[in-house]
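The structure under discussion is supplied below as structure tokens; questions concerning it will follow.
Labels run A, B, C and D following the written order; every chain starts at residue 1.
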Amino acid sequence: MCRWMAWFGQPVLIEELVFKTQHGIVDQSLHAKMGAETTNGDGFGLGWYGGGEGPGVYRSVAPAWSDENLREIAAHVESPLFFTHIRAAIGSPVQQTNCHPFRHGRWLFVHNGYLGEYQEVRRDLMLQIDPNRFPYVHGSTDTEVIFHLALTFGLEEDPIGALEQTVGFIEETGRRKGLSGLVQGTFGTSDGEKLWAVRYASEGPARTLFASADVDSIHELYPQNERLARLGVDDRLIVSEPVADLPGLWQEIPEGSAVTVRRGGVMDHRPFVPRQPDRAVRQPAMAPAVDA
Amino acid sequence: MCRWMAWFGQPVLIEELVFKTQHGIVDQSLHAKMGAETTNGDGFGLGWYGGGEGPGVYRSVAPAWSDENLREIAAHVESPLFFTHIRAAIGSPVQQTNCHPFRHGRWLFVHNGYLGEYQEVRRDLMLQIDPNRFPYVHGSTDTEVIFHLALTFGLEEDPIGALEQTVGFIEETGRRKGLSGLVQGTFGTSDGEKLWAVRYASEGPARTLFASADVDSIHELYPQNERLARLGVDDRLIVSEPVADLPGLWQEIPEGSAVTVRRGGVMDHRPFVPRQPDRAVRQPAMAPAVDA
Amino acid sequence: MCRWMAWFGQPVLIEELVFKTQHGIVDQSLHAKMGAETTNGDGFGLGWYGGGEGPGVYRSVAPAWSDENLREIAAHVESPLFFTHIRAAIGSPVQQTNCHPFRHGRWLFVHNGYLGEYQEVRRDLMLQIDPNRFPYVHGSTDTEVIFHLALTFGLEEDPIGALEQTVGFIEETGRRKGLSGLVQGTFGTSDGEKLWAVRYASEGPARTLFASADVDSIHELYPQNERLARLGVDDRLIVSEPVADLPGLWQEIPEGSAVTVRRGGVMDHRPFVPRQPDRAVRQPAMAPAVDA
Amino acid sequence: MCRWMAWFGQPVLIEELVFKTQHGIVDQSLHAKMGAETTNGDGFGLGWYGGGEGPGVYRSVAPAWSDENLREIAAHVESPLFFTHIRAAIGSPVQQTNCHPFRHGRWLFVHNGYLGEYQEVRRDLMLQIDPNRFPYVHGSTDTEVIFHLALTFGLEEDPIGALEQTVGFIEETGRRKGLSGLVQGTFGTSDGEKLWAVRYASEGPARTLFASADVDSIHELYPQNERLARLGVDDRLIVSEPVADLPGLWQEIPEGSAVTVRRGGVMDHRPFVPRQPDRAVRQPAMAPAVDA
């Protein structure tokens, strides 16, 4: 179990959403309500677009609730587009290289969920990563492998399409080994220009995912709320779990679907349909002994 | 031994001076040339003015050379005025609360050097801290106590005067106990509007301290240097140890003196003369037994 | 809120009680049942008697549940007498010097609870610490100050008596300032020969504290339980919160009382009655200005 | 660059060799004399045989010189056979899973040196790891891959033979890609019963490696030295760099050779000759597209 949130809209001090919001993600690190685990204390990460070249990433193995540096950065850095992620490790070590978001060039990637039977398929999945990308796998999470597979399958050209191929390939890899129910979770990714989010599970209910409602409806519902009054028409939040318990504020993103958020707060929905990869797929092979 | 540097001038990405400069402070963390110790690997800190309310502070117990987050922040945060500090612990624990810069409101404070016989005088010095400031002492370094003494003696109204009283009080405390040579080091402080730096030792040579020369002389000396060409008339660097080995680039700040750097790169020199505090000084006292 | 446990008996691998016991203290770090907070993820500590000179102490700022090194030490170190402590910080920083147990010579000290209005009395309490002990205060918790006060008041000669004076002194300090309800918690201490535990609150219900029942009653109650069968007549556990939910296994230590556990599992009860210190108490004093 | 040392002999408190020896490994972490780098501050590890099941491992990303917990463990744990390792990272992240020693069952493994052009061959080497071992690769160092290759090639039956095959396989992998000079370093491994050490470089001088001389010669050379007087006939040290600068104390292990230390201090020398693996070697393969 993990939790993530993404902001895309007017530039804000990161703390506005991370610390100063009711049931924000740092509060969720101690007391998640919708997760399989209530504690997400195995590290966190923040990835933001703003100054400098490409997105900045701050990741730490400390729990989000006690990290002084997170408070400092959040209180002094403004961004129009950022992700935060809190981690509840399932098996893999608590280390910075296992914290989300993962980054490649201008791209950030987060995940809430898991790959089932991961150790059974890890090697096959890693084999499929573009060999030129292999040196950039630094940690040991399923998510990092998913990210590099998605990059291999064209994330930079067609993010949702690449994730559909990635999930399709993972499910097919499982099927070949007689395994099912491999993919569980929600994914978020961005290149700094758009934001994409996916909700999907191979089997059973998928992890929750919500988008903030249109700002007009929000202002109509809560005309007196000062904080919400500051929300503009350009602003969208995507969250694993609502960060403020106000009815009408959140719309659930349906299972098996994806959204694209464009500048200006425009959000498009589409189905998310895993499929076979378009490109050649490497087959794990066992060659005869070199010295046979 | 420690090392610090301060930048005051045009807004720059912090990495420009911290990572991308010849023999910058991160390089000094591994290979200081002028210090008593060549390795400054016991944590570091960065304090910057920019977005948000007051200065931000990022401190870590990792060595500066291996901290990925420092690279990220430095590469994505711009600031017109910042301090960085690398620490070589002398006795006190390696923990975030012992890393510089220390902060109070809009003020930042760094120190390179030490208080001699610190454990002999620590209690007396702490007693002298304004009782209202006591809750803000979180760590166990001599520097944090010096900072709170200076605040007690009026740092916010007259930084150099307050430091003169602080040093005078520390030396007097030592004398009462038959100790001498207590204060060694350089100090840097700022409120975001001006920058002050002090070089002083009670006995023997003081730690080194340098200011960058006037930009005109620099441009005359190195007309072809692209990086130096970007230095403007408003820019000043104060450093424990020169960050680029170019003759004429650095002017030594004399021992027993202080400088004030104002916006626009103007730098004033004055002598630094420790003296008795202006205010009442608390005397440590032993009362009779309560139940006697 | 915190949680602690102490083992005194036959030498056991520490993991037996810390990891391999139902609802052991590492489980409590994620899911405490009786505390004000369910998560105790702000560091932990282990102090054990065994090889080498005096007790060893392993403290870390990582949550106990994810610290690989704790698993290693617990799985490879045997001890007849040890404390473990998990921390939920209330205000003071998450740093090693704030983790329990605290140590002085052969003595270890742990605490679950807090000093109310601590910042109001911190300076007065620190002033009362034996000046020779002052250099050994490295962190910023109330507990460390309580420990050094108790040492000042004679912990090494009469642990319970010294804690009674410590609590009495703290309450008196509060009263002088118009504050009440200052002391809340349970304390554990040992010199490697005996183990002492205290349960007390100045006001309202005290934090919970339990001792394991006599081994004979335990064996009668659970004749089939293999793990409990290994408990010998010499073995005692003192815990903030029961580590196995078996009725009859635990006896509550009454509020306002203390226990002494001697080798052989013998446990004596006595009331815990805060009182004025026997020794001279330093009065905070404000002397006239030195330069008046 | 890294440094390691191994002790095999009478049980000693680990601190005797790690902290209380002239120019011990913790001192080498700050001031190595023979290495390419003088600072080895990117984490460390301790692996020891003693209590519990198999070896215990303590690894940390803090520099060895400032880690309080290392001091504690070293001062309170006795062992007849242990490794310590200090790390100077070359490219791969500073994280616990990248610290030595690596462990599998009863086996420990350390390495000083590097694989040249590692990113060029990393994928090919990982492919060759026994697929059943794949889930146990947690970090991103060359050493961990070498260890799992050696296990794949039979380390548990014939450690030196397996390392000869591992090195042979790595060199062959390089040759196929037109790369040379891939393997540089010294290796140490143990199962708790014996200790093996290798010194080898594909090209140029190999990293240094020394064994302590026969205890009789040592006692003859230094009859007055109290510390050396405690060395018994059963005791052997293997070190990257001499830990005490006494002539005659150390014998250099020749390049291209291996030693086996058996209980009783007996040390056998043999040549180390890389060769083709005995077993089938998997060939990286590119199959046609699944959906072609």
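The rule we apply is simple: a residue touches a chain if its C-beta (ideal position, glycine included) is under 8 Å from a C-beta of that chain, and two chains touch if they have at least 3 such contacts.
Quick caveat, the model's predicted, so the values are computed rather than measured.
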* Check the residue numbers that chain C and chain D use where they touch, and answer same if over half are used by both copies, otherwise different. => same
* Report which of A-D and A-B is connected by more C-beta pairs in contact. => A-D
* Structure fact -> Chain centres from averaged Cα atoms put chain A and chain B apart, in whole Å, by 41
* Structure fact -> Touching two or more other chains in chain B are residues 68, 93, 96
* Looking only at which chains touch which, which shape fits best: line, ring, star, complete or other? -> complete
* Asked: If you look only at chain A, which of its residues touch chain C in the complex?
  -> 30, 38-39, 41-42, 61-63, 65-66, 68, 89, 93-94
* **chain C residues within the chain D interface of the complex** => 13, 15, 48, 50-53, 55-60, 68-69, 72-73, 75-78, 96
* Using the touch rule from the top, collect the residues of chain B that touch chain C in their complex. => 92-93, 95-97, 119, 122-123, 126-127, 131, 134-135, 137-140, 172, 276-292
